[in-house]
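The following block contains the structure, expressed as structure tokens.
Labels A, B, C and D are assigned to the chains in the order they are written; within every chain, residues are numbered from 1.
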Amino acid sequence: MPENDPLEIAAEALCTTACWCYAQGWVPATSGNFSVRLGSRILVTASGLDKGTLTREGLLEVDLDGRKVAGSGRPSAETGLHLALYRARPTAGAILHVHTVWNTLISAHHAALGHVPIEGYELLKGLDGVGTHEHLEQMPILENSQDYAQLTAGMTAALDKFPRAHGVLLARHGLYTWGDSVADARRHLEALEFLFEVEMRRLTGGHS
Amino acid sequence: MPENDPLEIAAEALCTTACWCYAQGWVPATSGNFSVRLGSRILVTASGLDKGTLTREGLLEVDLDGRKVAGSGRPSAETGLHLALYRARPTAGAILHVHTVWNTLISAHHAALGHVPIEGYELLKGLDGVGTHEHLEQMPILENSQDYAQLTAGMTAALDKFPRAHGVLLARHGLYTWGDSVADARRHLEALEFLFEVEMRRLTGGHS
Amino acid sequence: MPENDPLEIAAEALCTTACWCYAQGWVPATSGNFSVRLGSRILVTASGLDKGTLTREGLLEVDLDGRKVAGSGRPSAETGLHLALYRARPTAGAILHVHTVWNTLISAHHAALGHVPIEGYELLKGLDGVGTHEHLEQMPILENSQDYAQLTAGMTAALDKFPRAHGVLLARHGLYTWGDSVADARRHLEALEFLFEVEMRRLTGGHS
Amino acid sequence: MPENDPLEIAAEALCTTACWCYAQGWVPATSGNFSVRLGSRILVTASGLDKGTLTREGLLEVDLDGRKVAGSGRPSAETGLHLALYRARPTAGAILHVHTVWNTLISAHHAALGHVPIEGYELLKGLDGVGTHEHLEQMPILENSQDYAQLTAGMTAALDKFPRAHGVLLARHGLYTWGDSVADARRHLEALEFLFEVEMRRLTGGHS
């Protein structure tokens, strides 16, 4: 691994971001998974690791069909969702999947509607291509399942139906978001989690 | 103490976890207690220590009847509860007992029911042997008491009545959880505290 | 200042505790004040300092009448309240005064009643002399004022009327708590702030 | 840049404060912007930077008309708001602009009223020139816009209409606050965010 391999540089940023997510309480109990992609090479977290201490050794290389190319351990059970996302979003270079209190609550709150609508907040401008707080972000919510083929098909369909969405929620499960780089994906994550908290506090506060 | 003694390695992990719990605000005011077991040897926190600075010297060795074998200080007043738990769960190698805002609130909320029911969240899969969000976790709630013999009997009865539970709550007091290793126990703790917060916010949020 | 002067050792613990309080968000905007006492010598924070960077130089020595004996700067405007407390509680060796979200809210909630009643929580045992969760803690609430002579008289009267209280609240202002040592005072602070948060969430949660 | 240049010393304090704000979650997703002024020299954050890693290189020098004098990158899109503020508040030496959960919620809650009224809290004394909790702080709320000329005009008008305000809110967007020094501005920020949280929890808590 040459030090200036762009995929290795992205892998380092991914591990830093994973540890930061753990410190926020966003990937408790070895939950969550993370990946980076360069061309047809994908590095994804191995299954069952504590994200608070993730290092390069915790990432496996897989190809676009999910076959392990290098590394030890088993790829995350949700690797298929990452692959579906990379197929549907060709410019995506990083994917972050986290379980937070507020994304869990908002995905439950709007589960029947099938998507989370958020508008009117300046922080929406933290999302790629959004230039105004008047933007209406509509983020699909998939029904949760342990059938990963079904979830993967649902992910593909949702990304097709909501071409401008910056994330996909699994109901009472967590958020998938992505970006061209790890920094972009992390910016999306920070913006979305802020918006979920503000919006849920508004919805349940009674007065505002 | 040879450095490669598995019990000493577990003790080090236990101290790290205790300090982390303190930083989360989960063992305020010298509350909480922690232990590890290997065969018939048990290391348990001494009474009255600040968990934010716990080191190996803060752990005492006791035998399966709670008699002090080594170390200075007095074993935690709740050592009997640890012993009852190790007897009822033969594979348990570590026990964590914490006082958090959310476990206190949820234990009060469901006190009359006698257990906390939680289902439908992906994070339930952070619990050993749980493979689906459709799992219904039923966690017994003991009435709080200062009579430790009574609490110990209650613990034993609850573990017998709820053989699949991953924790036991004492009402308005705190949570006991455990695992085969410190890492497993901590994973259970992180999953349960996340679930308690989400569930209490849902129950009191009014809208969801 | 010899290194083994007990008052200097206490001063170091006080600064550590002040910085920790700042990190918790409990003394924002240079608020709060802290002191230690040994016999007739009192070290108290100078007025207007950022508590997140408090060092020994930020403490002034005053006598039991509040006259400056050593150090630079002006003693905290609330030094008189510390003196009244040391007079009324002869064994107190440290006093912590913090402004937190939850102590502000609970002092407002119960202002008309004149005291905060809290009972039924295990964490009450974090308070000196309390051996059971069945303890009823009654903590006086003083009406806030900028007339420090009036506040001081109110503090003295409240400590006389509530001889077993472990703290005094100023309405929409903050908490005074104390202990024989800095560690005892900090244990009281951690226990009380935990109890205030749990109790206010229970009171405003609607369901529990 | 001589090390004892007062503007460079202020710039260092500004970067420290920006990183601290990021750690609090107050400038997520590269949001927020910060500046210091000395005479006619202004240093302001470049557009689009992650504030958690802000260093001196992330600050540009502009003149009082917003023309770039030194540094790389593009000045923050909201530089005009900083300039309007410096014009209207001649003693201001630092400006902090943050996006927080509580300032977003309170600006939405009182948007129709056009200002946030806060009174009765001791922490109001963290604001320059305020000596009593009986102070009524009235903080203007501007309607949010992506037309910066309009926002700048609104800022100027609001500062004229509310000459004693210690901050200006943009609805569902964020807070501008300032001070003679970075330390003063940060003290205002800490006091205001504390007050916003307490006040919103009170308004939506139902019981108090």
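Please note the rule applied: contacts are C-beta pairs under 8 Å (C-beta built on N, C-alpha and C of every residue); 3 or more make two chains touch, one makes a residue touch a chain.
This is a predicted model, so every value here is computed, not measured.
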Exercise for the section: Using the touch definition from the top, list the chains contacting both chain A and chain C. Expected result: B, D
Handout entry: Cα superposition of chain A on its sequence copy chain B - rotation in ° rounded to nearest 5
Key = 90
Practice task
Report same or different for the chain B and chain C interface, where same means the shared residue numbers exceed half of all residue numbers found there.
Solution key: different
Exercise for the section: Just give me the whole-number Å value for how far the CA centre of chain A lies from that of chain D. Expected result: 31
Problem - Between chain D and chain B, distance of the C-alpha-averaged centres to the nearest whole Å - result: 44
Practice task
Mark out which residues of chain D touch at least two other chains, giving numbers and ranges.
Solution key: 206
Handout entry: Chain-level touch network, classified as line, ring, star, complete or other
Key = ring
Problem - Which pairs of chains touch, using the document's own definition - result: A-B, A-D, B-C, C-D
Problem - In the complex with chain B, residue positions of chain A that touch it - result: 25, 28-31, 50, 99, 101, 104-105, 108-109, 144, 146, 170, 172-174, 200, 203-204, 206
Fill in the blank from the handout: Per the touch rule above, chain A residues touching chain D in the complex are 120-123, 125-126, 131-134, 183, 187-188, 190-191, 193-194, 197-198, 201-202, 205-208
